[in-house]
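What follows is a pair of complexes built around subunit A, which joins subunit B in one and subunit C in the other.
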Partner chain A sequence: MTATRTDAKPPSGTDWQLPPRPSTRLRTALIIGAVAAFTIATCLPAIGGVQLDFGALVSHWDNGSGLLLQLFQPDFAFLPRTVQPMLETLQMALVGAVAAALLSVPLTLWAAAPTNPNGLSRRILRAIVNVIRAVPDLVYATILVAMVGVGALPGLLTLFLFDLGIIVKLVSEAIDSADHPYIEAGKAAGGTQTQINRVTVLPQVWPLFANQWLYTLELNVRISAILGIVGAGGIGRLLDERRAFYAYDDVSVIVLEILVVVVLIEVASNLLRRRLV
Partner chain B sequence: MNTDQHRAEARAQLAASASWSIRLDDVSVTYPNGTKALRNVSLDIAAGEMVSVVGLSGSGKSTLIRTINGLVPATSGTVAVGPHTVTGLRGRQLRRLRGHVGMIFQGFNLADRTSVYRNVLVGRFASTPTYRNLLGLTTATDRELALRSLQSVGMLDKVWTRAAQLSGGQKQRVAIARALTQQPSVMLADEPVASLDPPTAHAVMNDLRRVNTETGLTVLVNIHLMDLARTYTTRMIGLRDGELVYDGSAADATEADFERIYGRPIQPDDRLDR
Partner chain C sequence: MTANDPNTLLPRRPSRLVPTLAAVAVGIVVIAATAGLPIDWRDLGTVPAQLVHFGGLMFESPNWEKLPRALTEMWRSISMAWIGAILCVLVSIPLGMLAAGSVGPVWVRLPLRGVFAVIRAVPEVIIALILLTITGLTPFTGALALGIAGIGTQGKWVYETIESVQEGASEAVRAAGGGTAEVTRWALWPAAAPALLSLALYRFEINIRTSAVLGLVGAGGIGSMLANYTNYRQWDTVGMLLIVVVVVTMTMDAISGAIRRRITRGPGIARTTRTALPARTTRSRNVDRVR
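For the complex of A and B:
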């Protein structure tokens, strides 16, 4: 009895019959190399290093503190003048999101493998969507303002393109990564891919869409506040104008208003999302 | 009002289409990754037969059944169903043929987030123009067929229920109704009871047998359990490593026959009822 027990307990210093441990030398070398490369890349001005002077925080403090003081004294008498531009911003956000939502349905189904077995058209569509996504929203806005003029229209088009890229990319990837056994049943019943997509896939993936649609609506309110700075309409234009006049008490009102609206939209979309899914 | 009688009447009314024979001639299937799933299988199934295909997983049962409706194309040899040669069919013609061949699956393959009704209407795909589906239009005939096939499997009261809310047995019944809505000439079943508990498995096998006896439909069912094959089917086909190793009466198949099909001694797991 005691003998078997001592046998079962491995005495210290036993030679374990383990396979040789894989070497980690390469990984260590790579980590050291990465740290060194990062240091060099950020310290050499010749290859794009950044020069930060943290002393500026102290030496320019008088400017900063004066501005903060003004910002902390919002002039609420300015509020009525912000209503119209804020409504314009909300309209841009909503119309852009809805238009993108409508077009996103067929494009997403074409961009996902289970719903579009044709590899060529799928790849072409994905390449186009990736290009649309790669361009920053402010670049769209700047170019579109130059193309179609100052106002809400370039802002709306910017939001539309931006939303489309996000929805198609994220939802089509979600469709790709899920199982769709009912598609085989639809094929076995002699259905075309379009029939299968419309009758079975769409109700199945509808919550994925709804989630992204609401998310882009939230994003739009946030982004459209900025777009006005390059002339694309909405509350951003007013913000830029008041800032140019150094009217920081008005700027502060606008910033607070944007904050409140964004939070409200977020709360509303969270409530909706919980009910939908 | 006897519901059983209702179900029987519904089944009788569904039996509008003729039953078809199935014929495989020297069929081999090699998948793109090099796996040989079927090797030179020849098979003749007469119209109205109820046949089981028995074998372990990986023996080629699923491949065999999928060559019949062209979900898996035969690499060589020819497959014929009724008056059609499946091999070489493409596009619209292949879809029209599939409309005549009903199929049910191990995982039921329903769209869970949509209603039983819409799932059953999937069976009308082959006889519905795509634009009507896009607009969400259904004809009176489609509705009639969908409801009647739901009645024939006793699921009419669940017609507006979401498929996700059904139990496994109920889902498989809806899947049978979906196939019956096609007014098929052949019924294929790929391991229809492998995801069900024993009592439900018997109920679903009974439903399939009734489809065969009352509507005269040719039924081909994949199964890996020997007692179910013996009880519910008249003829049995044994597959092992893609080769046909048994073809004969299901009731008379001996333990030795099953051991030859399985390639190993019989185990308790090879029967549903131990």
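For the complex of A and C:
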């Protein structure tokens, strides 16, 4: 590099020289090395990594292939028995989403900087939300089932907590990143923060909320379908039960049903979203 | 009705009939759903007391004796997440590129998008449960399930990213005589690579959360340990495990988020205080972000 530098003539007239290409080879090598080292470390069973065993896929194929075949022969005679649990799943999803939506509005305005000038209370709420979000959905369900007993209630609470975390985080960040001239207008007119939030901010951020509410409803349908696996109600319980009996033709019906319902909810929510947002 | 009448100057209020009817309908459905749930709502009143009671059991004096094992199990979960992310990204980048409007022909694009949509709709736990029958209760099953389950969303992100690349460079390559392969390599890839790498890291973050869930159904890692100690009702250990999950997840999020910001925004903006992804404008990407 220094060699090219000294060779370079001072710019005179049209005799320009291209600057030397920046050397990124060392950096690239370091990055690739780091990624490779991390990957290898994750593959070492000795320190708790994953034992990569693609051979097992082949050698154990016969164990599962019969069941997989069953999976492709759904037994639709089972369908009537799935209706009631599926309904429960959908009810849980809807009620959880609505409850979270109601509480999300004040909490979101509390967590966003333009709507809550008090930095301390904002940070406290954000920290709580981040902790809530760091715990995966089924972990809540497992612990809540152990606390309040098997049934739909722990599932509902799980969905509620999970949705609340998502909505508050995403919407408050969206509020943070937007410009808010209308808030200044409200201040100039002498409004209190509460009045400003209610009259100017809420109408502005309503589409953001609507978008996230619909999104959590979609997520809830997906999640509540599996909550039953840990005992939190809905169709997941039936799925786990049939799987334990190796009745894979029934499992297949349930999976297909979940798939259809999830896609239907997504389509419906996309249509609604186009109207609302 | 003269022009002096102030009422004539205002336009008529638009009818609120349809929104009101819709709100009433939604309200009725929600109330019906609430009433139909097999929940004894009196139990709800006892929940706060229960939470305080069990919260005390869990966090008053967490049992730190099992910490080394918890950290090993957490590392196993992270390993599952990482390998799952690599598998997922290795499959979904080429497939997602083929599914992009400007790259693949229609007869490749539509089936691929269909496959992505189907995978997106199946929860990863179900994929893991099906895989269990072949590979057994191992972390490898978890990694495979994460790899397969992620393809649906990741593939969608990839083709959306490729499609949002500006046309200029592609046109230049085409004008210089390049075919689809050259356009992909020299116009689309350089423009989309930072976003794609950032999304790959984001997949890793999502997988860390999901791998804990897969542990609950027996794929090993911190989730299995958590499920066991919850079943034993050893709340002090459960409390410790929860602390480990939260701290490690948040730390990994912070590290991965910092790397992602460096990738997408370039050097020198490290001082920004924002904690997560900037709010993206495209709705479709926003939609699947949290998964």
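Please note the rule applied: the second predicted complex is superposed on the first by the 237 of 277 C-alpha atoms of A that agree within 3 Å, B and C clash if a C-alpha of one lies under 4 Å from a C-alpha of the other, contacts with A are read in each partner's own complex, and residues count from 1 in each chain.
Just so it is clear, contacts are C-beta pairs under 8 Å (C-beta built on N, C-alpha and C of every residue); 3 or more make two chains touch, one makes a residue touch a chain.
Bear in mind the structure is a predicted one, so any value in this text is a computation, not a measurement.
S.K.: Determine, for the superposed arrangement built on subunit A, whether subunit B and subunit C clash or fit.
M.R.: Verdict on subunit A: subunit B and subunit C fit.
S.K.: Would you sort A:Thr194 into first (subunit B), second (subunit C), both or neither based on which partner it touches?
M.R.: First partner only, subunit B.
S.K.: Examine A:Val150 and indicate which partner it touches, taking first as subunit B and second as subunit C; both and neither are also allowed.
M.R.: Touch partners of A:Val150: none, neither subunit B nor subunit C.
S.K.: Regarding the shared-chain residue A:Leu103, is it in contact with subunit B (first), subunit C (second), both, or neither?
M.R.: A:Leu103: touches no partner chain.
S.K.: Looking at subunit A, does subunit C or subunit B touch more of its residues?
M.R.: C
S.K.: One more residue to check, A:Met92. First (subunit B), second (subunit C), both or neither?
M.R.: second
S.K.: Look at A:Ala210 in the shared chain and tell me whether it touches subunit B only, subunit C only, both, or neither; answer first, second, both or neither.
M.R.: neither
S.K.: With both complexes superposed on chain A, which partner does A:Glu184 reach: first (subunit B), second (subunit C), both or neither?
M.R.: first
S.K.: Considering only C-alpha atoms, give the closest distance between subunit B and subunit C in the superposition, rounded to the nearest Å.
M.R.: 5
S.K.: So in the complex, the part of subunit C that touches subunit A is made up of which residues?
M.R.: Residues 29-30, 33-34, 36-40, 43-44, 46-47, 50-51, 54, 72-73, 75-76, 78-80, 82-83, 86, 117-118, 121-123, 125-126, 129-130, 133-136, 138-140, 142-143, 209-210, 212-213, 216-217, 223, 226-227, 230-231, 233, 238, 242, 245-246, 249-250, 253, 274-276, 278-279, 283, 286-287, 289-291 of subunit C touch subunit A in their complex.
S.K.: Which residues of subunit A touch subunit B in their complex?
M.R.: Subunit A reaches subunit B through residues 181-182, 184-192, 194-196, 198-201, 203-204, 206-207.
S.K.: Can you list the residues on subunit A that touch subunit C in the complex?
M.R.: 38-39, 41-43, 47-53, 56-57, 60-61, 63-65, 67-68, 71, 87-88, 90-92, 94-95, 98, 130-131, 134-139, 142-143, 146-149, 151-153, 156-157, 166, 169-170, 173-174, 176-178, 211, 215, 218-219, 222-223, 225-226, 229-230, 233, 239-240, 243, 251, 255, 258-259, 262-263, 266, 273, 277
S.K.: In their complex, what parts of subunit B are in touch with subunit A?
M.R.: 69, 71, 94-99, 101-103, 105, 107-114, 118-119, 121-123, 125-126, 128, 130, 133-134, 136, 175, 178-179, 182, 188
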